[in-house]
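One structure, pasted below without further comment.
Labels run A, B, C, D, E, F, G and H following the written order; every chain starts at residue 1.
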Amino acid sequence: MPSDDYKQYVAMDRLPSIWCPGCGNGVALKALALAFAELEMPPDKTLLANGIGCSGRVGDYVRCHRFHGTHGRTLAFVTGIKLVRPEIKAVCLLGDGDCSAIGMSHFVHSARRNVDIVTIVINNYNYGMTGGQFSPLSPYNVITSTSRSGKAEPDIDICKLADLAGANYVFRTTIYHVVEMKNYIKEALGKKGFSLVEIVSPCPTYYARYNKIGNIIKQLEWLKDKFIPIEEYNQMKDAEKENFFWRGRLTNRDLPDLYQHTRRSRG
Amino acid sequence: MPSDDYKQYVAMDRLPSIWCPGCGNGVALKALALAFAELEMPPDKTLLANGIGCSGRVGDYVRCHRFHGTHGRTLAFVTGIKLVRPEIKAVCLLGDGDCSAIGMSHFVHSARRNVDIVTIVINNYNYGMTGGQFSPLSPYNVITSTSRSGKAEPDIDICKLADLAGANYVFRTTIYHVVEMKNYIKEALGKKGFSLVEIVSPCPTYYARYNKIGNIIKQLEWLKDKFIPIEEYNQMKDAEKENFFWRGRLTNRDLPDLYQHTRRSRG
Amino acid sequence: MTIKKLLTGNDACTYAAINAGARFFAGYPITPATEIVELCSELMPVYNGNFIQMEDEIASIAAVIGASLGGAKAFTATSGPGLALMSENIGFAAMAEVPCVIINVQRYGPSTGIATKFSQSDVMAVRWGSPGDHSLIVLAPSSVQDSYDLTVEAFNLSERFRTPVILLSDAALAHVREKVEIREPGELNLYQREKPSGPVNGYLPYGTLHNNVPVMSNFGDEHILRVTGLVHQESGYSSDNSQIAEELVQRLARKIDNYQEELPAPFFYGRQAADLIVVSFGISARASLEAVNTVNSEGFKAGMLELRTIWPFPRKKVKELCSGAKKILVVEANHGQVREQLISCGFPPEKLRGVNKQNAEVITPSEVLLALKEENS
Amino acid sequence: MTIKKLLTGNDACTYAAINAGARFFAGYPITPATEIVELCSELMPVYNGNFIQMEDEIASIAAVIGASLGGAKAFTATSGPGLALMSENIGFAAMAEVPCVIINVQRYGPSTGIATKFSQSDVMAVRWGSPGDHSLIVLAPSSVQDSYDLTVEAFNLSERFRTPVILLSDAALAHVREKVEIREPGELNLYQREKPSGPVNGYLPYGTLHNNVPVMSNFGDEHILRVTGLVHQESGYSSDNSQIAEELVQRLARKIDNYQEELPAPFFYGRQAADLIVVSFGISARASLEAVNTVNSEGFKAGMLELRTIWPFPRKKVKELCSGAKKILVVEANHGQVREQLISCGFPPEKLRGVNKQNAEVITPSEVLLALKEENS
Amino acid sequence: MKKANVAINKDLCKKCAICVHFCPKEVFTIDQDGYPLISRLDKCTGCRLCFLRCPDFALEVETELDD
Amino acid sequence: MKKANVAINKDLCKKCAICVHFCPKEVFTIDQDGYPLISRLDKCTGCRLCFLRCPDFALEVETELDD
Amino acid sequence: MKNTWRTILSGSGGQGMGMAGKILAEAAFMQGFNTAQSQTYGAGARGDLSQSGIIISSEDILFPLIEKPDLLVILNNKSYGHFAPILNSNCNGTILIYDQDYAPPPKGKINSPSFGFTVVNKAREILSEKAACMVALGILTRLWIPLDKTNVSQAIQETFPGKTGLQNIKCFEEGLKLAENYPL
Amino acid sequence: MKNTWRTILSGSGGQGMGMAGKILAEAAFMQGFNTAQSQTYGAGARGDLSQSGIIISSEDILFPLIEKPDLLVILNNKSYGHFAPILNSNCNGTILIYDQDYAPPPKGKINSPSFGFTVVNKAREILSEKAACMVALGILTRLWIPLDKTNVSQAIQETFPGKTGLQNIKCFEEGLKLAENYPL
């Protein structure tokens, strides 16, 4: 059984975290630390880079290299880091808002360039840090602090977007599915090129409250029931699909990454 | 036969244009003016908005309302215009760089919101205005003034991107295919919601020169030969596909546009 | 009708905007300006206006500019990091002469700093964030009432001068709740932008000037409008002619700088011919005034100048009102950005004592009091 | 080895960067800085460095900052509109203390303005573009040789002070071709950033200060690095403590402002105790010097001060060198941005005549001459 | 037979009750202050789901018991 | 029989020769200054492709001839 | 004659500081007083320390924030750290009102007159800890602040619609009662 | 004694102004002169007007751009508009060299000594209009500028590799010849 090894990646002395009770960020942090431990990643060759947001504070509790830049730009910063330090394993852990609103362009271009980064998006369907406004990933019609009568904009599927743009690896899971989450973060860490792990996560303080999902337990149960394996999902009829979301591995390929591209052109 | 009506949309007295001989921008401008004329669009309810670039100067030669903002942001500006003036027919004519590099985020979000805009992208595969650097849409490995030994980054298909993001209408054509171009601009002008017409266009001064395509005639012939109807393309074997690009209509649907969405939520 | 309400600074700005006629808001949430975004999302539909949450601040100010060119009074709200992102398009609005209002609620910086905490360190950034020569208008409220009044004024000035106007609020003012007299639209003097009236044919968007400000059409109106961030002729078509460039850029400064008497004048409190004058703005002016009142009640002769227009810096007024002082205390929660402006007015540095605080907390009356007493002893 | 070459200003900057050790360039093309981007795309691979063309200027400066934190000397090049977009991340680099160099080739603004034409109107924007209190360094070359020398200096200062350094070039200098003595790396005094040497355990990225500058590790090195734009402790972990905030922000100013003697001093030409002094910078200083030489050869007593460090504004030096002058002419192709700084130095406005030009053309020797002669008659 | 030890650190626990509700063996109840209470440790299979799901590093499961 | 009139405005023409090369009926040749020359107007079908492809508004095709 | 009352409510995030501050301010406003109210904000509010400051005055309020409170209500232990500089100084002029179960003053350091009440537990009894501040408002209204209890009740009702309002009023009234019987 | 030569080449985009200016500067540099060269830039260069300025001096060059040329080469008509203020003033001290086929000076306004040559057509004969400036360099070198023709040839060769270089040198030499035979 894995031991306490994961704690070498966690700044235990800085806990408790600033997060609300039940928030998914801590669960993701633990899964990440466990994945690091199982892969025995050297902390000095491991970088956790974060966006700005509640999820962005994950880096306040780690012991490896840590970068925390400006809202939405993490992938652009890390593109620079990776070009000069290709040996670093870089994990960019971003919020849904950070990644898909202000950071949309960098997200698409990092995937297109296939930069060797594991991008973990903590998708709590809203801007937790600023008080629960909708994000581009919030489903249509949901209630948030800036959509009191329902979000009037369609969402977009960032997994499909990453796939289209050129990512090597794309996986979606939820905070409920902890074991799967840890395992696929590990799988992503083993890949070269751009990987996306989207983790749908509860925000009990805003999202669950505004949408009357109930407490954190109810929201986790909702994740458990609504997110079904992609294979199952694909066999559903369209009408049925509307009630579910898929989770699982969308993409797994081995296209050359940015570093390889740039070196190739040197002949 | 159509008469000189199109001239009411063109600032003839400002010609000749600043463009190099043979440049595709003038051809697109004419097609657009013809489409306007055939639809008898009132100039005071018609807006041409441009990005910054050679293609962005198209608006310097029109007689309808004209907007020319900052590089990459046109769609965001026009989102504001369209919300307060839904009755205006807005055409955003953008360069490939403007739209897919600095403007990527606004492009994806405008398509996602399905803002009622006809977006025409003049894709000359480079930044013409600043001297022929590669753009995100330039094909892999091409020679440009910032990729003398071949572009080391994959490109992305903005037609598929617009489709994934939520556009109602997506069409790709080339400057060679003038009749098709005019007709499908007209079709796009008849739609509600976000339309994309991508026009692959020659840049004899930089792109054709750097890539030894030869003069403008050769480049137009290249467009003629390489861009085949999507139906034909889809039936090709993968190996064969590598030598061709598709053109034609990828998307045509009638999802509600942003204005409808925002009004719906008012009940 | 005038009604009285208890409101926060952020809420007061929002109601003021609506009552000033704003019917378009585009924004991106950021602490400590978020409540303005949220309240707009609720109020705009009620007033048949538009609210849109854009993908970032660049897009937000862009949408605001677009809406304004469509004829709407439009605004956004942000804080330091967002303001920085807006700067390119603020420069565009200045160049293309698009009325718009930006509420900048200052927080502790630089960079992400402390998002929830207080500072007054954006004084220079609001003026100089965007490259190239141009003028713009910045107003700083010191109370919730003032947040209301100056927001209304911001819209008026932006329409009158066809220029971006920035309201410089802060994290403390944004969240304090005070009584406000809400004068509703009927009670307010609202400036409506001038619209072209002449023939449609041959109309030149930048061709008719009133007080150096062009009489411009809106998109969708029958007078065809042409707008560009390039140097442009009266027609709105671009030009790279030297003379046109010089005339345009100099007019962009002149149209504001020569009409400063139309901008909110500083308030002066206390003894007019005082030896000791405190200069301040925003919520620091409140602490300052309390301190000045205290010392005056103890027999001092101190005066207090509250800046309300920050840019263009009201040099003439400041010189006039402070010229007699032996010592001027400039109270501000930053490194001394307004103090620099007083030096530019010609006051010798030795005369100017900065009472500064940079620890993310507000300046308190007793801190100002201490400084005043030191100066008098 | 020192070799002589004919180069443009843009090329000189690029070779200087390479010779100063820059091995990372990220940029986005923009007139008139494009040639730097293009030349880097060719040279970086040759020098085993990295070139990347990012999706915009925000991403460009971000990648530069990232690369610098990875240990590379890194830079970008841009012009007005791009500079505006970079301002948020320049503030971040100031806050997180990341060495990096930004070459800002001024063009005619505001906004898109005239992309190919000349101006010196970014003097304030380079300093104040980013909100919050912090200092930074701006150098302005006046010749192609100077473009080379000050670019090398920019890298040195940015490593020495761990701060963004902006090189303020312009469209004229960027494209003029002049002789340059290229001192190659062996000849240059290159400053290498200090690296931590103590034990790996318990290392605090912001914990060891030399001259107020932290001795920081790089990402991927064995001393674990933590970087954030939030107010942070010595550990690099975030904090919202008032005292930590104040100490940090004040140090960001102090670490530069207190060491100004290490920054390039102004050049003084002509008569030291002159009645008439011309102050200028950049290519306008060349026109000024020619004019000053001309009048002096005709028997005038004029002096000429060429600013090389623009920010922090070299007040002490300027006061020292200009204090005797009866009249100071400030020659600059903008509305008078440097003249304002001289007022801030305490020179009375009446003494300061602005020789300005805003028509997108360079200021010529005969224009300065005319002004000089007017003053002397 | 005890298969695992479960320990809760009240200094870190935020009383979210996730461990309580999602333990497949219903090992936990809630005490009067809202903290999880290990009530049926004998049922514990050592699956560590409670550990994996605890957002606050407040819960540890030791599965390789010495005895 | 003439089906159309073709006119070239030399003030606008930039001599790109697109009209020349892509006229399906080879109506044009090139004159000594590089401008297109309407040499075989009789072959012209009035398809207007030259007009549509001219980037510089330098070429007009009139198809509804009066006579 | 006293004409300004500066009150700070201090406790933890879930005890309704902000709401209570706002209610007090609204009640004062109804009664024609000038008033200014502020509260801790943002990430901090999620954590352990939450505060709200209310100035009530018959004069103009110049500075709207509170440097030194006349009345300080403390509902959790952590708050003492924050106010130590005030409470420990001599002649501070601050009256301390504390929760006697959860926030007894630390020994030997407090130089303010101090009064303990069963605030939190009383609220829990009736509704939940969230209403703790309503009990505190009752105490303040009865003993120190010149507000009419009907105004406070009305302000509560306007803040919390329906049943929750009534329960909160109940808490407020319990506070009034606690104060009535307090051996002052 | 003359020690500074300020030359401006002016014509249209396709006539190689920039290249020629650079070549002249390189040749001067080889010969140990100080030199500064500039050219019109950007969108303008695509259009009708293109210019290049070259200062060659045995002294330090203070201001690197040209206010008033000593030598002005004009290869298209449009350029006259731009230089009218100089050419029309009395005692301007500027020598005008023009293409006699394509840029004859407008009548009655020019107060400079002026010299016409067959520049463009000569270049077309040998290579193409693009080489027009090479012919002009020959003329300048022969008659006005103190440069060694071998240096100019070398600079041309270094700029244009291989065959194009030789053709351009040919044009340059034709320029030298034209000047030689010119009835000055």
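Everything below uses one rule, namely that a contact is a pair of C-beta atoms (placed from the backbone, for glycine too) under 8 Å apart; a residue touches a chain by one contact, two chains touch by 3 or more.
Not measured: the values here are computed from a predicted model.
The minimal number of chain-to-chain contact steps leading from chain B to chain G is 2.
Of the two interfaces, A-C and A-E, the higher number of touching C-beta pairs belongs to A-E.
Per-chain Cα centroids separate chain A from chain B by 33 Å. Centre-to-centre, using mean CA coordinates, chain G is 86 Å away from chain H. Centre-to-centre, using mean CA coordinates, chain C is 36 Å away from chain G.
We define each chain's centre as the mean of its Cα atoms; on that basis chain C and chain D are separated by 29 Å. Within chain A, residues 19-20, 68, 70, 101-102, 104-105, 109, 129, 136, 147, 149, 262, 265-266 each touch two or more of the remaining chains. Looking at chain D, one finds that residues 31, 45, 51, 55-56, 58, 81, 88, 92, 111-112, 115-116, 228-230, 240 touch two or more other chains. Listed for chain F are no residues, as none touches two or more other chains. Within the complex, the chain B residues that touch chain F are 1, 10, 12, 15-17, 19-27, 30-31, 34, 178-179, 182, 204, 216-217, 220. Of all the residues in chain B, the ones that touch chain D in their complex are 52, 68, 70-72, 101-102, 104, 127, 129-131, 133-134, 136, 145-149. Residues 23-24, 26, 45, 50-52, 54-56, 58-60, 62-72, 74, 88-89, 92, 200, 218-230, 236-238 of chain D touch chain A in their complex. Chain D meets chain B in the complex at residues 28-31, 34, 37-38, 41-42, 45, 51, 53, 55-57, 81, 111-112, 115. Per the touch definition, chain B reaches chain A in the complex via residues 101-102, 104-105, 108-109, 112-114, 136, 147, 149-150, 152-157, 160-161, 164-166, 255, 258, 261-262, 264-267.
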